[in-house]
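Structures given as structure tokens follow.
Next come two complexes, and both contain subunit A; in the first it sits with subunit B, in the second with subunit C.
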Partner chain A sequence: MNADNKIYSKNLNILKQNQSELAEKVESCEVPGGFEVIHSKNGLPVLKEGNVSFHSIYDPVKDGERFVDVNLKNNDCDDESKILYFGIGFGYHIKPVFKKNILPVIFEPRIEIIKIAMENVDLTEIFTQTRIITELNELINNDKKFILWPHHPSVKNNIEIYESLKKIIENDVFTSNDRLALKNKLNITVVTPIYGGSLPVAKYCARALEELGHKVDLWDASVFADPFEKLLNMNVDEANKKILYDLFQHLISEMIVASCAAEKPDLLIALAQAPLSIKALERLKQANILTAFWFVEDYKHMEYWKSYAPFYDFYFTIQKGEFFDELKNLDVENYYYLPMAADPEIHCVLDISDNEKDEFGSKLSFMGAGYYNRQKIFSRIKNNDFKIWGNSWDPDSSIWKKVQRDGQRVTTEETVKIFNSSAINLNLHSYAYDDAINTAGDFVNPRTFEIASCGAFQLVDKRSNLKDHFVQGEEMISFETEEELNRLIDYYINKPEERKRIQDNARKRVLKDHTYLLRMKEMLCFIKERKPECFIDNTCSKFRVKDKNEFIRNFPEVEPVLNKTVNENRDLNIDSIADVVRSRQSDLKYHEALFLLMDEFKNLFLERSA
Partner chain B sequence: MPDILVVQMARLGDFLQTTPLLCGIKEMSPDNRVIVLIDSANAEVAKKCGCVDEIISIDVDSILNEISDKNNAEEVFNIINKSCLSLSIRHFDDVINLNYSKIAAILSNMPESGRIYGYTLVSSRNRLSKDSWFVYFNNMIKHSPLSPFNLVDYFYFLYCKKKKVKKLSFNLIKSDHDKAGLIFNELNIGSDKKIISIHPGIRHEKRSWPIEYYAEVISKYLENKNIEIILTGSAEERFLADKLYSSISVIDEDKSRIHDLIGKTTISETAAVLNKSDMLLCGDTGIMHLATAVGVRILALFIGPASVYNTGPYSEGDLVLQTNHDCGPCVEDMICSDFGCRYTITPEIVYNASQMILEDSQDDITITSNIKLFRSKMDHWGVRYIPLNNPALDMKSLMNFCYREIGKKIISSDYNFSTEDNPHHNNQESSLIDSEFINGIITSGKVILNKAYIDTKWISEDRLKSKNSFWTPWIDSYLENCKYETRNSHEYIYALETGLKLIDNYLSANYEC
Partner chain C sequence: MKNILIINLARLGDIIQTIPMIEGLNKKYPGCRVFMLVNSTFIDVCKIIPGLYRAVSLDFSLIHNHIFSNSSSVENGYEFFKQVFDDLRTNRFDKIINITPHDIGVITTFLSGDEKAFWSNVNDWSKYYFNITKNWNTLTLNVVDMFKRIAGVSRQECFRTIKLDYGSISYADNLLRDYGLTNGCYLIGLQPGASTVDKKWPLDYFTELANRIIKGLNAKIILFGGKGDICDGAVIEDKFKKNVINMIGKTDMLQLCALMSRTDILITNDTGPMHIAAFTGTKVISINMGKEICETTGPYGKGNISLQPKIDCYPCSKPLLCSKGICRKSIKPDAVYKLINYLCNDVNNNFADRFTEDMEVYISRFDNYGTIDFLPLFKIRLSLRTFYRKILRIVWDLSLSEEFNDLSVSTAAAELEHIFEKYFYTNDFHEHATDASNKKLLLLEIAELSSNGLNLSRQIYNYSKNVNNNIKKIGSLSKQLEVIDENIFKAGEGLSELKMIISMYKFEIDSLKGENIAEMAEETCLIYTYLKSRLNLSIKIIDYFVELRSKTYINQKIA
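Now for the complex of A and B:
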């Protein structure tokens, strides 16, 4: 689709004036394949996705008029309600409604559809007369009840979101002064693996979720690392070891389930090999606790996902394509591609002292485990100022003399110092099956984002997904062969300014697009889109003061409390008012006790209706 | 005339367990007026307690229904105001709040009053505070079977200090008896029959005995042609009758001796029917307390979270079968994977235990190791539960006695240790405990005592040491009590001294020194 054409530019300008945030989203959207623009019998452009045509291929305008007439007949709106279109298509079904003096709202969850429409039809009238919403959360704070007009071709490829929206409208979630909404602040439990490279990732996720304002309970399974290691090293046969392992995992799983029974989180997020058994996942489902798993490993290499994925409500992956097909085959419905990231608070630019530079610095460095391909390839690198850090390196290999600290594990803090101190950080994705570079590799490892976030320079092996995250040549330099690697080392070792340009660009890109904060936001958006009914915040609507002055007229004694609530810039709902009452130190007055009672009755009501 | 308000907003059983306190207040002074604040669902029961002068009721369910579709704060404020206004304009000399709920605590704070006993709001109004006796109570019930007092006694001693044999109060009047007579006539139950009332319903699934087991034991009872079965329960429990009937395997002639009164009688009528029964078989329910109040013999099944020590029948000579799994008594809210304990008490065991009541037999019955059989026994401090079948004393039982001494001292600072209430008097002469172990317990207790005299921070370090595990309830109570600057923490120290004296005395009396 040619995004340079005049229609698109005009539409974009108008959208920028009316909905600038949406305009930004559209500009940065990459339209995936599968779409086609055909022309109707009367020459008008019509969008087609696969076999589905979004409008009539004969006369889309007449078809659109018919759509409005039929819907008005079935679902008329009055002063108390608002038409909500599901699906923008090319707008033929929307424009006729303006002639009826109706100004609807349009819900279109797919930005790419908006973009394609902007490239093909004039949307001036739509952009100036309506509001386009792309996320369910944006539908709150509306004065009126919604009447849903589904555009069926749009619904066809968005059936889950449509069903969720329908459910929410039926439950009357978005109406009026109730301001019922999806919860902004969630209770989230994050379960870490017992050990391994993904353990810090889990902690970054927990921090990011807290920064987003959620209440996070970090269930740190790494406290079980020592007994687990002891179990693994026991001198018993494998069958018995498996039994012991299952018992061990069962205990930890039960602890997690017990914890969730007490805390009642809105969502449980587990990572990598978090010790949650299938039985535990089933019990969490029974307890109506949503579960999400971020599988941050190579699905071809680590196959445990086959057993566990169907038991999670949401499955996030760092690979797509074939992996998605395999997940679909297992009836996993809610999968989503979510690549790794960095935590800029941890992976940051450091001021390195001379001593630290001596200790951690070198012209070339690598930080990571000694997988087979790394052992082999690195042994063929000629540069002598090459330090290798991390564990599992072969002491009998020629590379051993470059391995620092006898191959002991390095802390995260030291890793960041290494990245900062090294002229070139080598970043070779692990590959256990060959001593060559894995040219078929797709996912991008965390190290790529972490080095970039540290403002350090790296040379990374080419991965098919790398171009999604960094611009080759500007933000990242990659290699496909060993010859290329050596050539790039030789080139960049003597080009400090060139390195600086690229590493600065890389860091900017990470801060803009690749932080754990952004990943967690994206994760939660997906989860909320798919299951918004699980996050309905009933509390904020219950018992709001509609008319403060009238309340005070009828009950003058409440004036000080209500005024204090307002003066503290708090919403006049019972949560805030009760908080204000609790903060007062004087003897509890009768009307204050009534407010506290209201709060308790509200909690009792919500408890009983849960 | 002093007006004493007792707040008891909980269920039927909780109210009945409060009645000794209500009567105790009257006995403290005939001038005392006892006013109860209850949920209107318990109005009938409250009227039947002879010691209540006035009832104030709040219909919580009705308020919830009324506000359920309201979002306007002013409207809701007005609804709740109408329900509470009459309370707010009253003055009480003392308020006793027995409910660990913020609603009850807030209501307790509404009227003008002298002192508030029991649960009240802390100054920040976001938590409940407990007075020192309730601190002890709350910590002990987390550690049953170390908990030495029944809920009735915890309530009673909160305000009354007189030691006496107490009784739950539910006064049946002539019309109740007449109604029961009519019911029995309609059901054609002769006065020569032995009547077993069975109440299969229970509040929480985890406490329930399987309905098919009830069916099985009923079939066994009916083998005796002289027995009639009466089923009791509320309207919400009607479905249990269908389940029972479909599971019972007896001939129709015998089925005619099963009389289904589930959902068909009021509380008073149920009480009157129970009064005419020879035995009630039930779980840990309010009906059990109702039966206790009207004096019918009881065989109660305590399963899952139910603990005989806390809520067993408050009476003399009734029986309780208590499951004795490692995981119990558990917490109601805890997710349980298999509810295994529900099936532990078999119909055969229940039948055999019933015969002890029906035949007034003192012979023991055979039970499995994961069940305990208790007989209730009253004294001037309250009720105790004597374990049958296994009279040998274990450490938990000894500590139970110890904590009873501690409790007595907290109740009454004048109390001096006496040997009156010790294991000897409870048919537990033989012991499973090593004297060295007992010495160890005494030593660790004395260490804690000494540290208490010095500084609380020394004790909190001791809390998690395994050798002090039997002292954890005391440590927790003491530390919690110390948080309140106005409290006298020495009462706990003297109480511990008294408890240690019991163990010391037991050691000297039973082991060569």
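Now for the complex of A and C:
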């Protein structure tokens, strides 16, 4: 595939003029292996993927004309409908339709196919006459009904997305006038781990989801921390302890399943070591409750994912590359890279009092657990004004005198104070096996984002993907060796303005790109894209006010409620209107009760059909 | 002339079960006109309700269309409902009684009349009912009696049969004659259908029962049911041919009632036609499964039988999570047949021992106050659950009706003692008295907390006369009240069945209507007072049994 050729350049220019965002995506797309361009008997290029030819290897043009004729015969379109092609291929099956004065829409979920097509065939006509869509969400807000023309070779390797698209079209979701034919407000259950560093992350996620307007049920498994600790500390052999652990997990899992049976969430999100057994996940699947897991740990260090990943509908990770290959080997289909983040409401800039500065402040600080590499490397740091906070530090080591509060755990609030009070926060990713700095480490820990969000300065060890999140030298300063670390400490300790510049930039970057709100949005977008049929809101899109002005003309009493709904930037569907009525401050009026009654009937019928 | 509207948007059975309430309203307000708003699916049933002036139907199918059809719009739906309620309001109801157990009922009540009418029937029983709908298993009254109390009519027995017209009676008699039903031949009805699967006794059990009846009794079988039960009926009819009169899906409401009235015994799931049969005076044997219990939804009237599974997981609190359905299969056809034989032939035998392994058999009776109760036909062990439910029944009956004093309490407790002795093994309720005396400690603790709550509320009320100067004090007292409430809820967790008293208290606290601090404080005082009185009532009844136990113990020692 030669991306430098003239055909490609011409196609790209035209695409830039007509669909600039798509052009950007194509340019940055790396075509994976497995594709081949062969030539038909009449010399035309034909795309092949594995054993599948996308067009006839004899006469792709004639084959394309036949495709249009057959589909027109089976599925004619009128003024109220629009042809939607599934799959662009090399366009031979699309061009003949222009001769029939039909202007279709093309859905092609794979950018690489578009790129290969652009490198081999002239797509001018297609780019200027049609719109190419790559994501299901882009199909929303159409005023016409779609008639699907599947290009079967394209369907073959995209069967899941095709099935999703088919279902959505059958449900007639895209023809509404509503902004969103997919449910806006979801019921989401978030299950936390029982204890550990990821426990607050689960809570940040729940907060973010609520901020996004979803109804969130936080299933806080940390209430079981004490009995769990007791179980772990029992003086029994490992085999028996495992039995007890399984029973304990089973009980909590059953409680979660029972909770979901009652609440019927649209989605369950679990994090880290949330206590959900495989059996529970299977039961949730049977109950048609979508499950997602955000694995926020190092997959090489924590291997439980191998047993659990295949049982979740969606698997989000903070690492990619080899991890994705391993997930594919386990037949996990819907995986997605989702790095950590910060919660700016919690990880914020604080006004630190003098007392707090005395208690929490120092020139150098580190907040975290005493992993092996940290114990060793920190013991070699020369600066004496160095406070270490957190647990699992070795009391017999030389570093112990720097450890505060005898190594007791520190609360989130205190952590934020530490970050704010310290001139330099050291951020060394954990590494259990060596005292080296692992620059090949392929994930960025939450601490990186949290310190940045607090507007505090940090020195962080280099990670392979750190540059994807922060600009080196401007937003983040990283080190690769101990010598470099010490040098940077000496340099920045006396450069408060320089630190301020970098920490301010880092905070701006977090607020722009690295909040839990953004992560949750991204997570839901991916889930909705892969399984949109699970989020169809049959009523929201249809049961709404069709003509507000006429409604008010006929029933002037409804004007205040409708105007209030619109002023709150809400759609004029019955859910929003009923919400506005419920949030009123005055006594309920007759006409308001009519809206509530409609909403209650809608809910009753939905409940009965569920 | 009083115009009264009953909002009853539930199912067939709920409509039939209003018969005594409507009878009571007609007696209490002579000359009144009783309307009932119902789901249009069940409008035909209203023809058979004696004393009902007019049924008004709300077309659920049309409403569904308004909401979900492709051409639906909020403005069309608005216009539809506005028309319905504008018309309804022209009747200018003096009283609106809502017995629909969800928010649709409340909103409909609001829309159906003016403010006076809306508040006309908000009483302690209606509040109790709405609390109960969130916890059906804790209702200790039959729904029919519940409706009577909500409507504020006399509790005295006012059983009235469904009104039948001459045409329907003739139809039934002619049909049965055509099918060869002669004098001396029993007509046994079977109702194999139900609204949900968890309420259905297995079809093959009904088939086996039909087989036993045909072979063992001089009887014909008549099948009842709606169009949805046609297939089930066909299975039974195919097997027994001329011995079965299959009327499933073949009758209108009046014809159904007429045929029911000619039936000697109806064996049925807990479903609408069961109630029709009960109100035609037909003896009913109902089979309860899942979460249905005869105490609350059993067939109204004297001498009806209800069967319940004798398994640990019954009644079921989470039918959604159960895939086993043990309750459906535990009541065996053989046992039901023997019961029918017993009832038909008045056979005196050791019946109880032979087939009550898997089921409990209850028979309905009216107590001295006209309230229906289902009590064991054969003596059984008194469970702790039943012990407390019977106590709770007295608590609600006396506290919500403001009719209690010491004499009423002791009378009610003595009557309960009599019931325990007659229908249950005596040892049990003495043992349960021990458990109850432990519960008493909790009740006393909560009573003390509610006294503290009452004192604080009174203080808040006094300070509220000058809110601006006392805002901090009020704030501090409110925080203390929150702690008291938390402690009451926590302590209430240990009360088992009596926990309903705390649930009702929570419901009342959550439903405070006051518009300013003074009004809310006044209401809160009342709520704590109610709580205390219910707790004290419970304690009094428990004391009665504890004392009874002591006397019994002493007597045994002397003996």
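Convention: the second predicted complex is superposed on the first by the 384 of 610 C-alpha atoms of A that agree within 3 Å, B and C clash if a C-alpha of one lies under 4 Å from a C-alpha of the other, contacts with A are read in each partner's own complex, and residues count from 1 in each chain.
Heads up, the rule we're going with is that a residue touches a chain if its C-beta (ideal position, glycine included) is under 8 Å from a C-beta of that chain, and two chains touch if they have at least 3 such contacts.
Just so it is clear, the model here is predicted, and its values are computed rather than measured.
**Student:** Which partner does A:A258 reach: the first (subunit B), the second (subunit C), both, or neither?
**Tutor:** Both partners, subunit B and subunit C.
**Student:** Report for A:K357: first if it touches subunit B alone, second if subunit C alone, otherwise both or neither.
**Tutor:** Once the two structures are laid over each other on A, A:K357 reaches no partner at all.
**Student:** Which partner does A:R582 contact after superposing on A: first (subunit B), second (subunit C), both, neither?
**Tutor:** A:R582 contacts subunit B only, not subunit C.
**Student:** Give one of first, second, both or neither to describe whether A:R131 is in contact with subunit B, with subunit C, with both, or with none.
**Tutor:** Touch status of A:R131: no partner.
**Student:** Is A:K25 contacted by the first partner subunit B, the second partner subunit C, both or neither?
**Tutor:** neither
**Student:** Under the stated touch criterion, name the partner, subunit B or subunit C, that contacts more residues in subunit A.
**Tutor:** Counting residues of subunit A touched by each partner, the higher count goes to B.
**Student:** In the superposed view, which residues of subunit A touch subunit B and also subunit C?
**Tutor:** Common to the two interfaces on subunit A: residues 257-258, 261, 542-547, 550-551, 554-555, 558, 572-574, 577, 588, 590, 593-598, 600-601, 604-605.
**Student:** In the complex formed with subunit B, which residues of subunit A make contact?
**Tutor:** It is residues 177-178, 257-258, 261-262, 279, 283, 286-287, 541-547, 550-551, 554-555, 558, 572-574, 577, 581-583, 585, 588, 590, 593-598, 600-601, 604-605, 608-609 of subunit A that touch subunit B.
**Student:** If you look only at subunit B, which of its residues touch subunit A in the complex?
**Tutor:** Interface residues on subunit B, with respect to subunit A: 60, 63-64, 67-68, 70-74, 76-78, 80-81, 84, 88, 102-103, 106-107, 109-110, 121, 123-126, 333-335, 337.
**Student:** Can you name the residues of subunit C that touch subunit A in the complex?
**Tutor:** 63-64, 66-70, 72-75, 77-79, 81-82, 85, 102-104, 107-108, 110-111, 318, 320-321
**Student:** Using the touch rule from the top, collect the residues of subunit A that touch subunit C in their complex.
**Tutor:** Its residues touching subunit C are 172, 257-258, 261, 538-539, 542-547, 550-551, 554-555, 558, 572-574, 577, 588, 590-591, 593-598, 600-602, 604-605.
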